[in-house]
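Both of the next two complexes hold subunit A, though its partner changes from subunit B to subunit C.
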Partner chain A sequence: MSVLERLIEYGESNPNVEVEEWKKTGNKVLGYWCSYIPPEIIHAAGALPYRLRGMGATGTDKADHDMSPVCNCSFPRAVLDLAHRGKYDFLDGILGMNGCDHTRRAFELWVERLQPTFSHFVYVPRTRKQVSVEKYAQELEKLKTGLEKYLGTEITGEALQQSVDLYNDNRTLLKQVQELFKKDRPPLTGTQFHHIINASVSISPVRLNLLLRELLEEVKDLDGPEDDKARLMIVGWVGDDTMLHRIIEESGGLVVMDNCCFGARAFWDPVVFDSKHPLASLGRSYLDRTGCPRMFATFNERYGMFQQAVGDYRVDGIVRTRLQFCDLHGVENVFFHKRKEQLGVPMSAPMVLDYIGQDEGRVRTRMEAFIEQLQQ
Partner chain B sequence: MSDYKGFQFKTYDFSKQLDTHIDLIDLLHNTIGADLKKRPENVRWLFEPVQQYLDELAALRENPDKLVYRHFTFAPEIVYAMDCISYVPEALTFMMPTEYLCALVDEGREMDVPDHFCGFLGGVTAPLLTGRLPKPKAILHCNQPCDNSVAWGSVLAESFPDTEMFILDNPYGDDEEGVRFAAEQLREGFNYLERMTGKRLDLDRFREVMAKSAEAYRLMYEINEYKKAIPCPIPTSSILRPISVAFYALTGTEGLVGWLEKHLADTKERYEKGTGGWREEKMRVVWNLSWPIFDYGVYDWMEETFGAIAVAYHSAEPFYQPPDIDYGKASYEELLRALALRNNNHAMGRQGRGHFMTFVNDTLKWCREFSADGAIFAGHWQCQANWAAAQITKEKLMEELGIPMLIMTVDQLDPRVVSAEQMVSRLEPFLEMLAEKKGIKP
Partner chain C sequence: MSQPIVAGCDVGSIWAKAVIFDGKEILASAVIPSSPFPAKTAEKVLEKAANKAGVSMGDIEYVVGTGYGRVNVPNAKKTVSEIACHAKGAAWSCSDVATLIDVGGQDCKVISLASDGHGRVMDFSMNDKCAAGTGRFLEVMAGVFELPIEEFGERALKAERILGISSQCTVFAESEVVCLIAQGHEIEQIIAGICDAVAARVSVLVPRVGLREKVYMSGGVAKNIGVRQALQRRLRVTIWELTEDPLIIGALGAAVLAMDALRQQQ
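So, the complex of A and B:
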């Protein structure tokens, strides 16, 4: 199996064989909901941080008992459904936060209904005011204490520094893979890269660094197939499901960039760590990075990233998406609408998606039409 | 099975293309305000909070420098303490004629506002983004009660790129740490308002505002005690609109205290005479979350058909217990703490920002204290956090109090989502079941 195939397998599996190997060593695996919970702290405590995903869900009926399909997002419902079905029994605990209303409630309901051995909630502010940054540092301190108590370990400054370095290496290497898409004929497809990103949040950072280095070595001089594909950027997609990438690429497109939760935004900015103020600097870095729409009034930062990407990656068109009932990404479609002339590339009409992918036919029709339009 | 077809709910004609490029404040002041003034003397007092708020908005014309945008769950006391005018753009939707609301919602959707956005916030997005609402001197925003509010903050930032905003990070917890966190931010909020408006905070004015706020809450708790009587002297449904305007927009004002005194006197009188509302009370329900602003006839139908009286309502109940301090001499720190407590316990915000058990426990409390026969969760289809608490609430109500809860969908403002008739079709079997349980013939 090539390194690429291995990474894809890790990304597609939930859980993957790396998790099983990790568990065999007697170490714990902790699930976390969102990229605003620093995996560095979990890793420094000796546990494997495993980002919760909905991959593998075929329905949401177990979760729907508590979270209504009338207005609750299908991604956290899919995750919660997997938990109800025992698919997350390999976890030794879960960490939640106020990423959005849906994931926050899904975490609380998981704890209420399934009573995991360990759970911890991290309150993450939505602004960068000094008092909010300090509050986040206090929350990270509570997380550290909670983990130390549960795992019977001490998170030392050195361990934290080491974990930060490892995760920063992850980010640097993922960015190098991302940059391969600047080429006319990238050696990877967007779907493959999305699988790699999914793998990156579900295996050990040490192992990931080894695999990414090997992958870069293997593909850096390769070119992809000679065909004239429409180069697309996806914005707004939340989940780990690769359905959208796959459909786009089966319809004559190539996803060269994104600004999604399981995507470039998660690895774009390195953590700036100050060993004298470890948790404060970690917190500041997480709040200051290119924000998710959960952070107040940060659209222009993301927009700057889109503008840069349109040029760097020679984007032909932007696929605007949102999961049904996502307010945070949903409202950004309005701002895109206002700027549609400025970016200089066509944008699709907002595509409302369902995480489980039950509407694949509709999505395919829409994507085929958009790509045909671009190619004319 | 009763025949609700004989009951007249409001009808709307959405076929006309309304001109929405109008001055919304003028529209409200001239139409709603004028209408309220025509009401008979003996019931006019009921609508005073709405009139007071409309008059404050109208005063903006003369005092544009006092205009401060405020999110509907950001405690208004901070604005009154700075002697500014508290303007809640989203509250316009709450008061405007339904046809205008729907036209504005549609205009927003043409600009790609998500179709699941509630009428409350979705209704003013288009006027904001197209510069049809007045430019504020300052903007106070916060992240409770829902993601929609966070998204709404982004709309404000987009609409007024040159106006710095102050955003309060509402805490998750209800403990002292959460109060301190809010208080520290509110201190910054005052600094921000001083910077943006050029005014200085007068500590005596702040004391006065907080004293009036505390008095308003004291009166409201007293009124609520009387409302627990059977029959309920003032059904919540009859004063939903003014009481909501009062506690979302007017706490800290003399006008509100005066109105609550009248309200208390009226309630007391009705209690002493054993008078209920308009119709005989046969059963009582707690109405949870959203109510059909577009058609209060739903309550008339419930009362007329089943004698079902809504005695408590999510947005009309007091949650804030003002600290027992001497407001006339209180220090700045004490006042900030009181304001933080007030803010953390703002209706809707309190249930939306934290753990779902707050929602569950509040519902249990009302049902217990008001001796409810049943609860109705009228879930605004945008209130995602509360929707995810509905099932657990239902289970706890049955476990602890042995009473059932109906779960149904509404949009508070837009009857095209769920009409009054559709609501009735959900309510009817539930109320029939309650009636049967109580041995009442509808």
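So, the complex of A and C:
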């Protein structure tokens, strides 16, 4: 099995064999919602941070009992459904946060209904004001204490520094893979890269660094197939499912860049660590990064990132999406639309999707039509 | 040398349509109900159109498939989305189409066309996962009144006022309509409300692409005068009629694209 195949397999599996191997060593695995819970702290405590994913869900009926499908996002429902079916029994605890209200509620329901051995909620502020940074640092302190107590360990400054370095290496390497898409004929497809990103949040950072280095060595000088694909950027997709990437790439497109939750914004900015103020500096980095629309007044930064990416990645068109009931991306789609002339490339009408894709035909028609529009 | 003959076949969710085309004229068109077997439906409708045109299937040099069943069209050398086909077909029919509103069986779309008259798509918007604002919605509602769908729009015009239908879901709207009937409201007023509800769903798509005149309508629902008028009222524009049957515009566009592809191939 090539390193690429291995990474794709990890991305497609929930959980993957690496998790099984980790468990065999007697160490714990903790699931966390959303990219604003720093995995560095979990890792420094000796546990494997495993980002909660919906991969493998075929329906949401177990979750729908508590979270109505007529007003709740399908991604947290898919994750909760897997938990109800015992697919997350390998976890030794879960960490929740207020990424959006749907994921927060799914966390609460998980705790209420399934009573995991360990659960902890991290309140993450939505602004970057000094008061927010201080509050977030306090929250991270509580997380640290909670983990230390549960795992019977001490998270030393040194351990935290090591974990930060490992995760920063992950980010640098993922960015190097991302930059391969600047080539005329990238050696990977966007779908493959999306699998790699999914793998990156569900295996050990040590192992990921090894695999990514090997992958880069293997593919960096290769060229992809010589076909005229429309180079696309996706905005607004939440979740680890690769349906949208796959349909786009089966319809004559190539996803060269994204602003997805499981995507570029998760590895774009490194953590700037200050060993004198470890948790405060960690928290500041998370609040300051080019992040999620959950953060107040950060649209212009994301917009700037896309403007840059349109040129760097020679983007032909932008696919706007959002999951049904996603207010964060729903509103952001409107902001994008207002600035579409400035971006200088066509932008699709916002496509409302469900995390569990049971309507491929509908999505395919829209994507084919958009790509035809770009290529006519 | 005689003109080559091509065909476009649009397999929709309610109707399958075929157009036989020689690059200048529509030689024939056919429309049949769709079935659960899209490949067979496509074959039948193409044969029917070919018979009407007096040509054999073997005479057709290039077929383009479109519609939800596009991948099932036998002998199709190419498939093209219905968005591009409707734009192409409408522009062939009337070269001054700036905005095309297509309301079909299972989806509706608003397409902005380039002003060069060649039917190039500038932008488009389509309905989300919802049957309201589609032909299927009207069909379900016509069923409630046991009325033929063809009469539905005309009945709406007779209403003195339009009753509001607030539900956006076809199933809920149906029960709302049943309640209005039970309350003794005039059928025409309820039907006018239904037509207006479709127009409301379609008109929300318009600002996403912008409204440029002249505005035309295609798809089966374009034949519904009640919906057309409700849309005109909501959008405050005149909706013009295409020179061809609005139901066959997707198939016509596919045929025009088939001729383009054939010429390129040659």
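Here are a few things to note about the model shown:
FYI, the second predicted complex is superposed on the first by the 376 of 376 C-alpha atoms of A that agree within 3 Å, B and C clash if a C-alpha of one lies under 4 Å from a C-alpha of the other, contacts with A are read in each partner's own complex, and residues count from 1 in each chain.
Rule of thumb we're sticking to: a contact is a pair of C-beta atoms (placed from the backbone, for glycine too) under 8 Å apart; a residue touches a chain by one contact, two chains touch by 3 or more.
Since this is a predicted model, take the numbers as computed values, not measurements.
By the touch criterion stated above, A:361 is placed in contact with subunit C alone, subunit B being left untouched. Contacts of A:346 after superposition: subunit C is touched, whereas subunit B is not reached. Applying the stated contact rule after C-alpha superposition, one finds that A:67 touches subunit B and leaves subunit C untouched. By the touch criterion stated above, A:373 is placed in contact with subunit C alone, subunit B being left untouched. More residues of subunit A are in touch with B than with the other of subunit B and subunit C. Residue contacts after overlaying the shared chain place A:135 against subunit B, while subunit C stays out of touching range.
By the document's definition of touching, neither partner reaches A:164: not subunit B, not subunit C. Of the residues of subunit A, those at positions 324, 337, 349-350, 352 touch subunit B in one of the two structures and subunit C in the other. Across the complex, subunit A meets subunit B through its residues 65-68, 70-73, 98, 100-102, 104-106, 108-109, 112, 121, 123, 125-127, 129, 131-132, 135, 293-294, 296-299, 322, 324-328, 330-338, 349-350, 352.
Residues of subunit B that touch subunit A in their complex: 108, 111-117, 125, 129, 141, 143, 146-148, 150-158, 165, 167, 169, 171-173, 181, 184-185, 188, 352, 355-356, 379, 381-385, 387-392, 409. Contacts from subunit C toward subunit A in the complex involve residues 68, 80-84, 107, 120-126, 128-129, 205, 208-209. Looking at the complex, you find that subunit A touches subunit C at residues 324, 337, 346, 349-352, 354, 359, 361-362, 365-366, 368-370, 372-373, 376.
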